[in-house]
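Structures given as structure tokens follow.
Next, two complexes with chain A in common: one pairs it with chain B, the other with chain C.
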Partner chain A sequence: MAEFRRGAKNLRRNAKTAARRPELGAVISRATDHAIIRRREVMQEIDFAAQRRRIQQLRQNATQNLPGLLDRFKARVEAKGFHFHMAVDTNAARRIVIDVAKRHTVQTVVKSKSMLGEEVGIREALEQAGIQVTETDLGEYIVQLNHEPPSHLTAPAVHLSTGEVGEILYKQAGIGPFEKPEQMAVAVRQFMRTRFFNADMGMAGANALIAETGAMLMMSNEGNIRLVTSLPRLLVVLTSVDKLVERMADLAPLIRVIPKNATGQRITNYCTVLSAPRQGQEVHIVVVNNNRMAAAGDPVFGQAIRCVRCAACINVCPVFRTIGGHAYGTVYVGPMGIVLTNALHLDPHARMLSDACTLCDACAQVCPAGIDLPGLILHIRSSGNPRLIDRFKAWVVGMTYAGAGRFKAAFWALRLFKRLFAAGYRRLWRMLGWTGRRGVPRVAGKTFDRMWDDDAKGD
Partner chain B sequence: MQRAIELFWERFTGYSGEVILCVSLREAMQRTVALTRKIGTDTVGLSRHVPVPEALSNAGLHVMHEPPTQVDDVPVVGITAPWGLVAETGSLVIHDHDPGERLWSLVCDVHIAILDHPRIFNDLDELFTEDSAHLSTGLCLISGPSRTADIEKKLVLGMHGPRRVIALIVGVD
Partner chain C sequence: MEDINLFVPCLVRQFLPEVGMATVQLLRHFGYQVHFDPAQVCCGQVFINWGQLKRAKKMARAFLRTFEGPALVVGPSGSCVAAVREKYGLLDLEKAEFEQWQDLRHRLFDVLEFMQQKGLKVRGRLDARVAIHRSCHLLREIGLDVVESDLWAGIEGIRVVYPEHMAECCGFGGVFSVKMGEVAAGIGRRVVQRLVDLEPDVIVVPDAGCIMQVRSVLDAMHKDIRVLHPVQLMLQAING
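== the complex of A and B ==
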């Protein structure tokens, strides 16, 4: 991450840095290709369109009624003996979690992967409070050791090769040296077991909060979430208000579709429905808002809050596959990252992220919540004050495509310009910012109409 | 029911789980003893939900009932009694609120699940519309061994949970 700067305003600079590392795109493509191919195979087992309609409907019902569902959820969990906390923003979330930890003189925490945890910087906050935090998901542990954020929602270390992971484990944790993923995983398992058993506090996220019963859905392949939620006597569930759904029955399409969409798995290995505090355990549920309630009511961005964080849109995004997650400079990356970062106002320069999109529509095709991601990105792009050069480019394109006559005239002028000033022609494209890393487009000697006519005459 | 069991078998084994159909509970316990010995241990962690636990101690196995509190106390084999299975996803349904069911299905290298006349759900919709006490106290769906593919998508079994999950199913013929 050292070579990438944080913050959406650094997107262009970071993208250039990423583009200078072709091996990065190769590693990411290998991983995401695997998920895309597997997804295609397992999706044949279900009617994706029908499941998508169900998820869209249930998520829409939930996001349109967040305050009501939150009240029901709170009443249910408190009746069962959970401790409920509402955090309006990042600072409140950090304060609540640290207060709980300090009250119990917590010194060590085992934590499962959580994008909300990244959003509010909970690990850093706990560490600043003098508490040792161990990420227990293998990929997340690797990026923790490498002092960088995750580069993908479901595959935090997707940007690292096996060799790089081996080096990080050896240099940062003294594990190894190993060359094979199997050896690395076994060694991390052994090392982590002691941490699980000795931790003062466990910390997990939730994939869904069920208002009807006050239960929480947690999904993991590695089993680390079950260990985090089972072994320590103190547990904090850090989650967000947009995870609310109304009924237990809503879990079926979510459990069915999310893993298929995310990684091409039929089901996540462990799907736990935590419905009551476990014997001898104190459980605190911290529900974070961070602008979600307001965004849910927004006529444009409301649909973004339906996102179920499957990351399928990230896997298929050609921009992500080229530049990776760190180049965005934000917690949430890829198409959903562009939209969520804007909807939740998570970065003062969030609008600039909309540049990281080709409007190819691939994300919309795979979104299980039916979110119009390209439409929202286009909306973001058209809002605010674009740079002068971008306004000029938009004006040129607008003028050129305004009519057949203008189109022909523009390309006639371009051909003439190229013939008279070959060097200036190349400079023109460079100035427009379109040929930094690719060749100057060739202007055909004849127009398509002309070629068509000539061809017809030849026949 | 036959179709549901076939589908469960196909999907559970597809995720590297192992399935053994048994004609009686007696056979299931005998097979459990044989499996444990073959694995090379004589100590097992046992959930209180497992029927006829004396069958294991009578066969000379050392049985731990209390879930471990120290990493060194974890035996190689943990035995539980899931109350159901889901055919669609190839999942065992564990009563997760019970500490024995939860921990013995999680911390050992090998998890042996004895399903005596389990509830069979064709799909997730059937499970989550069930009016059951298990839903109100918590459950876990387990679909094969613990796994990770976090390093260049290379699959490794037994990341934090069991490396082997063996389901012995009684009463579904």
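== the complex of A and C ==
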């Protein structure tokens, strides 16, 4: 991770670094291929198009009515004895959580994986306050040990090979050394048990907040969320306002589709609906806004708030599959990362992320919320001021394309240049940016126009 | 004989003229009278893809003028055709141009799509193992799956293979290929390796930009495998 810098403005340089490590792309594409193949199999069991319409509709209803749903949710959860907090932004979220922890003199926290937690940097904030935080999802624990952020929404350590994982566990936590993933999982699980039993506070995210009943959906494959939410006497649920849905019944399509779409599982191993604090437990629900309410009303970016974080768009993205998540320099990566980072203004250079897209459309096909990801990425690309160098390049190409005469003359010159200076011709392409381990395009000796004319004469 | 106005995408015209000529010959084979107006330049996809919509609009205007009706317009590029059909809406066209566009949308076709719609079948023989790369825009925007289509049904001896797990982009991506050159090459290496692993005699790629990309990657891998557009392969099959 050290080789990648945080911040969208480092995208180009990070991407170059990543692209020069083909092992990285090999590991990631192999892992995501598994998810893609399984996805295709299990999707045959349902009508994806119909489910997608339902999810799009229910998410649209919710995102267009966030203030109303929030009020209802708040009233319901408070009536049940939950403590409700609204956090306008990252700082507010951190402050609220740390206040709760300090009030209870918390020293240790067990946490389940949450992208919102990453967005507001809650682990770092707690650690700075002198509190020990243990990530309890296996993949997330591994990246925590390796001092790096997750590189994928649902598979945080997807960029690491099994060998690398074994080494990290052994070197950083003294677990192992093991070679088989199963051995590692068992050992970490045993080690985690003590952390669970001794923790002063649990911390979880939520996949959906149900306004009608004031309950929260939490999905996990490892069962750790149940321990995080039930063992410690103090629990903080850190979530965001876009997770609101209206009714309990809305969970059905989400539970049915998200795991199939994300990892190709029929259903997530553990689907927990937390509907009331257990006896003697104090539960704080912190709902973060971070620009979501405003974005939901935006005529262009509003649809992005429908995202249910399934990560299917990330799995199929050719750019992600080659450079991995860290190279983006942002919390959210892949197609949804490009769009959300822009929609929520999470990075001052968010616009630059739109370069990390071939507009191949693969993401749009799999998104269960029906978000037009390529369309939004193109919108981002075409808004704001392009960099001077890009404006210049576009001007040059624009001039040569401004009429058939110029077009022909320009390529005639290129052809001549190629004939006279073979090495210079290659260098010209490299200068234009046609870099990397590939040859350069060969301008044809004879244009189509010539062939057409010759053919006509031949008749 | 029905008239067809040929649309020759800029890359085909300058880098892959043989794809353009194969398109001409194939259309003639099916009995069409093919015309080519050398005043055409570019549909504007380059600039749309670049996010330079003002320049794209200029190109689009010229394109609409060149291909004013009523003749059918056919060209070998799913991505250019898709750009005209689907993306001109981003360009804020004036009323008259907008109407021209609406008219053109319905008589502009990618050559393979055109064959499908008209039920034009190639009959012939070709003894070869053919690995197919499914180009993104033809597959996902035009909706033509070159693998599943019956384009090959009348060709004896052909064995079609393809990477089954997914139709992954070759990494060309228009401006992406020069803006993020190293990543484009990295994607290309992975995706082309998959095609090479199928041990084909020929690799078939149905879009000009993708052909350029796949060829460049094969060059760097020192692999001497021919890369052809489907129309070239079909012509070979017809000529036996």
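Here is the rule we go by: the second predicted complex is superposed on the first by the 418 of 459 C-alpha atoms of A that agree within 3 Å, B and C clash if a C-alpha of one lies under 4 Å from a C-alpha of the other, contacts with A are read in each partner's own complex, and residues count from 1 in each chain.
Basically, a contact is a pair of C-beta atoms (placed from the backbone, for glycine too) under 8 Å apart; a residue touches a chain by one contact, two chains touch by 3 or more.
Treat the numbers as computed from the prediction; the structure is a model and nothing was measured.
Undergrad: May I ask you to decide whether A:156 touches chain B, chain C, both, or neither, giving the answer as first, second, both or neither?
TA: In the superposition, A:156 contacts chain B only.
Undergrad: Identify the partner contact of A:227: answer first if only chain B is touched, second if only chain C is, both if each is, neither if none is.
TA: first
Undergrad: Taking the superposition on A as described, I'd like to know which of chain B and chain C A:72 touches: first, second, both or neither.
TA: Neither partner.
Undergrad: In the superposed arrangement, does A:441 touch chain B (first), chain C (second), both or neither?
TA: It touches chain C, and chain B stays clear.
Undergrad: Looking at the overlay, what does A:256 touch: chain B (first), chain C (second), both, or neither?
TA: first
Undergrad: A:184 in the overlay: touching chain B, chain C, both, or neither? Say first, second, both or neither.
TA: A:184 contacts chain B only, not chain C.
Undergrad: Provide the residue numbers of chain A that touch chain C in the complex, in ascending order.
TA: Of all residues in chain A, those touching chain C are 12, 15-16, 18-20, 22, 25-26, 29, 33, 36-37, 316, 318-319, 321-323, 354-362, 364-365, 378, 381-383, 386, 390, 394, 397-398, 401-404, 407, 411, 414, 432-444, 446-452, 455.
Undergrad: Under the touch definition given earlier, write down the residues of chain B that touch chain A in their complex.
TA: 11, 14-15, 68-71, 74, 88-91, 96-97, 99, 102-103, 106-107, 123-125, 127-129, 135-154, 156, 158-162
Undergrad: Which bits of chain C are touching chain A when the two form their complex?
TA: Within the complex, chain C touches chain A at residues 8, 10, 12-18, 20-21, 24, 36, 38-42, 46-53, 55, 58-59, 90, 136-137, 140-141, 165-169, 171-174, 176-191, 212-213, 215-220.
Undergrad: Can you list the residues on chain A that touch chain B in the complex?
TA: 27, 30-31, 34-35, 136-139, 142, 155-157, 160-162, 165, 181-182, 184-186, 189, 192-194, 196-197, 213, 215, 221-224, 226-227, 230, 248-253, 255-256, 263, 266-276, 278-279
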